[in-house]
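The first chain written gets the first letter, and so on, giving A, B, C, D, E and F; residue counts start at 1 in each chain.
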Amino acid sequence: MQFLIAMKSVNFVILAFALMALASAYDPSPLQDYCVAVNDTKSAIFVNGRFCKDPSVATGDDFTFSGLNIPLDTNNLFGFNATLLSVDNFPGLNTLGIAIARADFAPGGVNPPHTHPRGTELVLVQKGTFYAGFVDSNNTLFGKILHPGDVFVIPIGLIHFQVNIGKTDGVLYVSFNSQNPGLITIANSIFGTNPPIDPYALARAFQLDVNAVKQLQAKFSSTN
Amino acid sequence: MQFLIAMKSVNFVILAFALMALASAYDPSPLQDYCVAVNDTKSAIFVNGRFCKDPSVATGDDFTFSGLNIPLDTNNLFGFNATLLSVDNFPGLNTLGIAIARADFAPGGVNPPHTHPRGTELVLVQKGTFYAGFVDSNNTLFGKILHPGDVFVIPIGLIHFQVNIGKTDGVLYVSFNSQNPGLITIANSIFGTNPPIDPYALARAFQLDVNAVKQLQAKFSSTN
Amino acid sequence: MQFLIAMKSVNFVILAFALMALASAYDPSPLQDYCVAVNDTKSAIFVNGRFCKDPSVATGDDFTFSGLNIPLDTNNLFGFNATLLSVDNFPGLNTLGIAIARADFAPGGVNPPHTHPRGTELVLVQKGTFYAGFVDSNNTLFGKILHPGDVFVIPIGLIHFQVNIGKTDGVLYVSFNSQNPGLITIANSIFGTNPPIDPYALARAFQLDVNAVKQLQAKFSSTN
Amino acid sequence: MQFLIAMKSVNFVILAFALMALASAYDPSPLQDYCVAVNDTKSAIFVNGRFCKDPSVATGDDFTFSGLNIPLDTNNLFGFNATLLSVDNFPGLNTLGIAIARADFAPGGVNPPHTHPRGTELVLVQKGTFYAGFVDSNNTLFGKILHPGDVFVIPIGLIHFQVNIGKTDGVLYVSFNSQNPGLITIANSIFGTNPPIDPYALARAFQLDVNAVKQLQAKFSSTN
Amino acid sequence: MQFLIAMKSVNFVILAFALMALASAYDPSPLQDYCVAVNDTKSAIFVNGRFCKDPSVATGDDFTFSGLNIPLDTNNLFGFNATLLSVDNFPGLNTLGIAIARADFAPGGVNPPHTHPRGTELVLVQKGTFYAGFVDSNNTLFGKILHPGDVFVIPIGLIHFQVNIGKTDGVLYVSFNSQNPGLITIANSIFGTNPPIDPYALARAFQLDVNAVKQLQAKFSSTN
Amino acid sequence: MQFLIAMKSVNFVILAFALMALASAYDPSPLQDYCVAVNDTKSAIFVNGRFCKDPSVATGDDFTFSGLNIPLDTNNLFGFNATLLSVDNFPGLNTLGIAIARADFAPGGVNPPHTHPRGTELVLVQKGTFYAGFVDSNNTLFGKILHPGDVFVIPIGLIHFQVNIGKTDGVLYVSFNSQNPGLITIANSIFGTNPPIDPYALARAFQLDVNAVKQLQAKFSSTN
């Protein structure tokens, strides 16, 4: 049985997702009942998706993951923390085209604008009051105030965010239709890359002066 | 804003799913940001999936559904009740390849063996203690006792079930990687069809005598 | 050249399918002309689908299988026997998204209710008179009496069956749009699992008493 | 119930396929149990695939087609005739990703080189002795002599043919993993197009003189 | 025959893409040879993808688009302009899963960071010297200086950009594996939405003060 | 950095494509950001698509290919030469579903009739005047005279060709929505196979006498 370890610092908030995230789009169909992922560590050879272990030694444990009821530490810059169960930490999801995450928010906490390049997202409010939104290709914002029991769907690849607008902690459960939906947190993927993007290009793109860009890069390189 | 109405009698338990269920397999990709479903009621003409409304009149409400926090009445033969949000009652899911359900269980309640012909299922235990299992193509049962915060994944098309083995009510949230995963409840799809399957065939298939089959058909035709 | 060996006892009827069956849904597209399956037996490592042999050593034999004209022994409890050519015994099918089976029926023989989790089925009557049917998600039975030269299509994942209602032996040829459609025989997948499903859960689900369930489990565990 | 009408002249051999053929590649998954095709004749508006009739009025007849046991007239230039059941004449196949054909051969009859742009083909020899082959992207011919009960698989999009090399009539049953696999008969698609391809281009491509090309165009335009 | 009109002002740069962009991921396969898009303007009813015109009236013109050799006006804030041929302005692409764009750059011109939610991009340098890059889910920047004849591939859904680092105008031809890849320009999709995203949420997400966010929103709302 | 070597003799024109070509249909979606192809040369074991190298050692070079600006030698029988960048020579394309080619034509040069079994093609005229066409399943020719800046789309699996009808050299850039679209050059795949197709079958199929077929086979076996 596996247990999640709640992240302890803001630097890890994004890292938690980033480590899990290599992938995009509705997954290919399975070609067998299941194909529990393994790493082929010896050869450093990979495939689209994952290698799998011998199906004759699979057990119920391979299809189970524990700990999504444990609150995560939100004592960080965003007032937000999340854990994604994708094929990277829940091997039984391999070939099955689905994943799930838990997100915790302090009052005022923000899940910053991001996209999932390989999956639609379905948000279920477990606790708290949220403002959630996504932006379509015409830059129209589709926003909604959400209460417990509300469900909100976000199309694949579109930028979206949630804010805890209530006075108490908030919890979301979030499903994806991919074993590895990926996570692109916009601020980090623009200002916190390794190596940094040329500040001139960002200055022109965001209509900022170069020094303002460099300040943002300094901030996000430290959180990356 | 839409609200779910909790089902009141055992007959409706299955019906709730059945009305929503026409479909199968990982869905085709979307060809636009979103395509909120409408019914083309005048012409009685359909397509694979659903017709959509003009995207220029979509709003945040189209992507929101409320009420999954409301317990369902489990005072029925199975001690079980469920509500599925699929494209049939949540039009914003159209082309987005995802769906979600809430399932309530009385102590000892049973979600009877069933399959989803068009989607993988991911179970999240919200409350209670469950025994859950699925059966693979070799008739191997993969079973697991589940506690709150546990997640259990069920491959597309395989027979599975859950039993509330705790002493209190139980609640599951269940995600699917299809806008319309479908539901085939085995007992009803064998013994409760309209018209009935030839009892002789079922007697031979299940190694029962014909009268035993007819009794089962009588029971399930009344719940269908 | 390979030859099929006709199954000799009832226990093997289901086994023949079960051994071949790990899989579901319309298969992903090929990424090369062909990819003839091999087992990577040394490492016990698998992929979605199958590893393939060096294409430069493929021959016409890899794409050929012989023996579907040989009648199978139907002297068993069901009066039915079948052989499925899937990627498991016909390696040339790998990545090609298709499979075929031959089914033999004694007079009165029954192919018991089952599903294929990963493929649509197309039945062609070669010999005999049959009653065939499938059940949709609304528990509507779509049945049809079939004669030689008739074709009947069964959507992916739905429960279906055939009965030889003629006075002579009958033969069906059955195509699937998957290299590994899978087979879930309902009675075995409910009453014949290893380990058995909790009889209490089945009793409640099928509205039988627990002893009746245990008797069914005893029968199907012996045929499994 | 529907009956096939055997084609009577060589001109119709190709026409039989051509009328049925608009399409390519493994089909998208269904989004409901079934979606029986209809033509929306009034509006001359089409979709990818087909519009469907109201599922509540579907019957077993929609999923059935009769007459594949009827031999076709092979008294033509090729000694060959075929009937394909695709979504165009068997509406129940819509969204189900499968099709089937019957092919009849006189002794020495030839199913001329062709491709199916949207489906893998699986050939089952019902009667007779055949030489069948396909050509891969390296121009390697994979050929095989086939006897009754033999199965031969042809990857999507590759050129293939069959010749009845026996002394009697021959019959093949051929399955496809597409509701509309399409048919490109090479000779007709090169020399029999409407309007004709520029003879100069064909002469250079086939290293023939222009008059030889024009003679071929005259022959095939009359059979088209 | 259709001609492109070069865009004349900076406001139109993004608009040109935005108007064309509703969609995401590798497209579903076609179910017929072609399906030339039409708008069903009367009913305001849509489908996943597009309705199509009667295939019997299609001509070569439907599959042709002219004008990609015409330079676009880059006299705007970004020194950049682009035209995308997607299914929205080139109806023959419908169901065919491909699109193409031309992008013009003044010296120092910047194609600002953006994603395509539904397609991989392949850049071909026609003229000029560029710095191009994309950022993966680990925030690693994959950058490259590109010269004429160089090709650079950008995985689906990842943030990417190009800068003309040469002293002359530059031209790129860009292919996509979707009929409607979509375009999410990050700056506009964050700071230029309609209605605006709550400045507080953006301030926390980008670690800016609220006034700095409001200034950015003012700039981008005017270019949107 | 990699450079293309222009082919020097007519025999190599087809070979250049043939070596790159194993595969067909819109590719399955990626399951990670990227998966740069490697050959697992030691074991002679393959997968659908390609094995990939460790993503942590990928660099911008893996996603770049140089040399598409270099004219190819067209001094051969067809007055035509082409280079395809597919996953076989541009490993970064693996799982990304896209490819590109450059084609050079002498005046009067002909790209002979061929198909791509696994991809739609989009032609962009860089230089010269062309007649391009494709033939649908009804043997209708869709042809078009193309000038620089014109784009022409060819549905997956259909026979097509281009002729340089101008007085100068011509250049096309051609995109595909597959990492390995494959190439079936009709004349070679009919008359130049190894081993040869039985001349009797070809004579009957093409309504030629056997000696004429043998002459064609002699010509094309020497160019193969």
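Following the convention adopted for this analysis, contacts are C-beta pairs under 8 Å (C-beta built on N, C-alpha and C of every residue); 3 or more make two chains touch, one makes a residue touch a chain.
Listed by chain with UniProt protein names: A, B, C, D, E, F = Germin-like protein.
What you see is a predicted model; the values in this text were computed from it and never measured.
**Student:** Enter the minimum step count from chain B (Germin-like protein) to chain F (Germin-like protein); a value of 1 means the two chains touch.
**Tutor:** Shortest path length, in steps: 2.
**Student:** Which chains sit in contact with both members of the pair chain D (Germin-like protein) and chain E (Germin-like protein)?
**Tutor:** Both-contact set = B, F.
**Student:** Rounded to a multiple of 5, how large is the rotation, in degrees, that superposes the C-alpha trace of chain A (Germin-like protein) on chain D (Germin-like protein)?
**Tutor:** Fitting chain A (Germin-like protein) to chain D (Germin-like protein) on C-alpha atoms yields 180 degrees.
**Student:** Since chain C (Germin-like protein) and chain D (Germin-like protein) are copies that touch, just let me know if over half of their interface numbering is common to both, same, or not, different.
**Tutor:** Both copies touch with mostly the same residues.
**Student:** From the C-alpha centre of chain D (Germin-like protein) to that of chain F (Germin-like protein), how far is it in Å?
**Tutor:** That pair's centroid distance is 25 Å.
**Student:** How many angstrom lie between the CA centroids of chain A (Germin-like protein) and chain B (Germin-like protein), rounded to a whole number?
**Tutor:** Chain A (Germin-like protein) and chain B (Germin-like protein) have C-alpha centres separated by 27 Å.
**Student:** Averaging over Cα atoms per chain, report the distance between chain C (Germin-like protein) and chain E (Germin-like protein) in Å.
**Tutor:** Whole-Å distance between the two chain centres: 47.
**Student:** Please list all residues of chain E (Germin-like protein) that touch 2 or more other chains.
**Tutor:** Each of 21-30, 33-34, 47, 49, 117-118, 133, 136-137, 143, 155-156, 158, 178, 182 in chain E (Germin-like protein) touches at least two other chains.
**Student:** Please classify the inter-chain touch graph. Allowed labels: line, ring, star, complete, other.
**Tutor:** If you draw each chain as a dot and join those that touch, the picture is no line, ring, star or complete graph.
**Student:** Spell out all pairs of chains that touch, sorted by label.
**Tutor:** So, checking each combination of chains, I get A-B, A-C, A-E, A-F, B-C, B-D, B-E, C-D, C-F, D-E, D-F, E-F as the touching pairs.
**Student:** Quick check: in the complex, which residue numbers of chain A (Germin-like protein) touch chain F (Germin-like protein)?
**Tutor:** Residues 21-28, 43-50, 87, 117-118, 178-180, 182.
**Student:** Inside the complex, what are the residues of chain F (Germin-like protein) that reach chain E (Germin-like protein)?
**Tutor:** Contacts found on chain F (Germin-like protein): 25-30, 33-34, 58-70, 85, 90, 92-93, 96-100, 120-122, 124-126, 133-134, 136-137, 142-144, 146-156, 158, 173, 175-178.
**Student:** Taking the touch rule as given, give the residues of chain A (Germin-like protein) at its contact with chain E (Germin-like protein) in the complex, in rising order.
**Tutor:** The contact residues of chain A (Germin-like protein) facing chain E (Germin-like protein) are 17-19, 21-26, 77-79, 108, 110, 112-113, 115-118, 131, 133, 135-141, 143, 155-159, 161, 163, 182-184, 186-198, 200-202, 204-208, 216, 219-220, 224.
**Student:** Please output the residues of chain B (Germin-like protein) touching chain E (Germin-like protein) within their complex, sorted ascending.
**Tutor:** Chain B (Germin-like protein) residues touching chain E (Germin-like protein): 28-35, 38, 40, 47, 49, 51-55, 94-95.
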